[in-house]
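Everything below concerns the one structure shown next.
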């Protein structure tokens, strides 16, 4: 294996909290060489379809900085539109985080998550989800500390990881080189309690059978347990 | 159950082939009250990144006609951009169909799939995938008949279905009312040989556990077997 | 003549009412091989410039499904803008239908017409106008039946037809092959009472003289009388 | 009548040729208080669909300067798209001028017409067509003079005028106040030889009958004869 | 020197006030062969960020008519976006004019400046600023005359000019040919009292030193004094 | 002074080179609390207008990450267009860096600069210019090292700084709080040899006189000397 980690092991995971100073939560997360800056800001209003319901909301946006990839990616703002891939990823981040929030406890405000990839090496969407979870936690802590909310709206922690099959072997937290050669690519978002929030599996080459699916799920679950362990340890 | 079908049963499925005359394949598929017009056209060139490789390609586009939904949807062409949902769905359709094609057998030409929903009642993306499979088959048959290609590029048939959990019960091929109240929403794309091409499961409310996941997969697999049986019977 | 109809005759015209279930009016109209799905939806508000006037409004949108034409047309939603031709046609549909409505009788609500061409073979805009008239009638009938309005806002019926000059002969309701070779192309929108709502005549090749104009108007008027006869007969 | 001209008379018409110096043809035309700057530029290539045919092409673009109207109009470039009205008008200008050109005589080059309304007071599209005809003539004269082309590609002159019905009376070349109250609005483009290139008539209020149509055509034809007389006299 | 004016002299400057009739201020300004139509319109509201402050606002938009340049420029409205150059210029015009206005004296209304270049020959942005100053003055005079405002909100007059270095010589109010060969291009906006509002200097070729900078500033200041003298003389 | 630095002193400046791994040059620059990630990538082709000239080119793009500002900024990619401010800044970065490059020495390739602001506290454009200079230097070093180019295309180093007048005092390298209250805002780009590449001075409140201008230039020049000293020292 390219980086000598064990077959099912995740890559080294690090967090730099308060990486920037303006957003309430700001985390630079690294899954190996993938580095994503995740921020959580608060806006004191909700989208039109949520008004008057006494509940909060969460939205997420994602981008890849042009210089973050091996070959420079073109800038979406310059082209004037986001790619389908970007939209798919930011919808996934938002949906995942909304599923573990109790919006009644948040009041009529919106949490705005931004996940900007500074360096890409596979698994940007899963790193973005885990990093945004931490930024969300940090922002919520400020709201609780300032008395803006009384109850913690986070019902449960979540984390995300990718799993795949390379050369017939199931791998966890694939880097770019592994991802490119994988015949199956799956992203899992799970809670601390071991339940699923999202499963997105795609056969890049040949379809996969039930046995392979079970193995992917098993390895992914272990990866997420490892990730949540590291994250929680860092939060003290 | 609202329409009196058995708990795990799919809705009535019908196909009208050659629904329009210009596209090589043109199928109006109905999954219950969901009706999608799927066409397959051929363009005698490939996208820039495929040029010179002696291989073909397949792209897919999806839309919801404004009058197809209970409350009129706004027209994407008038707003000047496709929603994230539309892009997500058309990427799924394209990825699924590409996975069962042998592009070497197709030559340097592109199959263009269009899936336009005339009436929506839940499951538009799964109906679009199955209907597009039939339109693809019909277009390929013309190419074979005309001698434009010698070998059938279709490696295997596929079909798609949605499964979900409503009131603690697993349901298959959910209509709109079921979909709205489902706590888990999963779309499956599988081959004739019972292997997975795509699994996309989302917890709309509470996360789901492994036991529920296994049940969803089992019911979905049966639904797809039923669908492929009906489709193949109609093709004679 | 290609399809053996008499020189001044219109093509076979059929209507399928209630073609889809969500829109209040939903009609699949065929002028020969041209098939247009016309729906009429109601929105309980009016555009900003009409607010507070106690009057209703009608807007119309038009599109050509990509697979509807001999060679696939590109999808406007994917390109991010509507063509000038599309805008011209949808403005014509809206203007025509607005001219036969008494908006005071409608109240502050908007009728939204959508005309989506499923199969194109010449005359899509005229089929769209006639089909939308029927969808409008059906939607208004529901409003009257439900007691949402007391007075029928439709002042008079209208229909539309194309006329042209091919090989020095005036033809009515041209199909695509006739349309391509026509030296003059004219679209007429007329009322039951034989009065004009729109005349749009264009010399595609040589300009046309007054004599030719009179002949075009005469033949078009007869075509519209035939169309209204068929439509009214179907409505019973 | 507001400006004391006779019922069927056109407004004072003036031309300032060579109004700007860079375009080959540049004309400021006034129909009463409507002032349009029309330029004709030459590009030494044709659009993709015309390449290799040894023929030329003509395109036209139109705009209303924001300060040209009584209440300021918003700038299309700032909004990021042209209105349907603008597209309709520029398509009309282009189609009209193309109909009187022999593109074989022009060679593989494109004439680019720009009609920018500096001051609007009704009839901007008809003034734009007549003014663009003069700019086209002036540009073609330069090409002939420079020996870039040998034969004059202009087959025949054309001009355009609006007619309408105000208070039951047919009027010609309506100003803004007349246009607003007109129940019928018709634009005519005709050749020197008295033949029609375009007829676009719209019932703004009540539909119009055949008798009214004939009267509109008669008055419009006289207006165009007057316009062509004035224009030709100025060209000497 | 190409047009025989003295080295530091500005080009002939002319103004045609009330060039069009609808805008409250409408000025055709010429700096040599550069001709810009500047209009000032009033809207009885302010942008959202200014609401309720009892103050006015001023915005500016700029464009180059396609036929205004030696080789035709493409139309921004047709391309669907304004270039960076256009945005830079219109931001400069707005910022300059806002700096000499007392918005409290204007009340909650917006002055909308439009500067449309009819003919370009260098210095379009400086001519646009000076011309817009006159249009602003004329619009304000109408507001004062009509009693809509009591106090003149114009605190001081301003004007703008370009300076540059061609063949080691400092030149003022460069035409297009001079501008193309200049190694430094600087635009100055100054008040009557000789103070700076904007300095924008760019080394097109080699960087410039302090001595050259001082010379550019000195010559520019003299140019602006000349321009203000001519403008004020014309206003009487 | 808010952060206790001397009146004319710049803020602490730090550089982290090779901040990311894919771009040839990648620098995280800090001017106080303003942090900008500047990358330089190489593309082996030039824009159409430069083809065949045996010369290189440089382009620059700029953005503000949404979470970088005190109140979250909206994401340009999501809105579908870049603001005028963004375009102005990226044009300035590109123009400045192009002025110190000998494009003949670069060959037909394009250097793509991306400056993405991770944290904003005033002076983002000047930090972006200086940081991009370092990233450019690092990318060029790789090209030289790999033998892709023989001669260093960098003719001279440059740096940028802002100066302004707050409470009648000239300040250098203003942070956000200083910037907001400054009555004059000026950005200077200068070379090692003390010559000007860009001067952009704007009166935010009152216009400024010649005396103030001279003082701003003097203080800015000293700031740039300090910045170049620190940068060069770090490069060793």
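First chain written, first letter: the chains are A, B, C, D, E and F, and each begins at residue 1.
Here, contacts are C-beta pairs under 8 Å (C-beta built on N, C-alpha and C of every residue); 3 or more make two chains touch, one makes a residue touch a chain.
Every value quoted in this text rests on a predicted model; they were computed, and no experiment measured them.
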Neighbouring chains common to chain C and chain F, by label: none
Chain separated most widely from chain A, comparing mean CA positions: D
Identity of the chain that, by mean CA position, is farthest from chain C: F
Whole-Å gap separating chain C and chain E, where each centre is the average of the chain's CA atoms: 50
Interface hub residues of chain A, defined as touching at least two other chains: 80-81
Overall pattern in which the protein chains touch one another (line/ring/star/complete/other): ring
Chain D partner contacts - residues on chain E that touch it in the complex: 19-23, 26, 33, 35, 37, 39-41, 43, 61, 63, 65-70, 72, 75-78, 80-82, 86, 112, 114, 116, 118-120
Contact footprint of chain C on chain D as seen in their complex: 81, 84-85, 87-88, 90-91, 95, 99, 156, 186, 190-191, 193-210, 213, 217
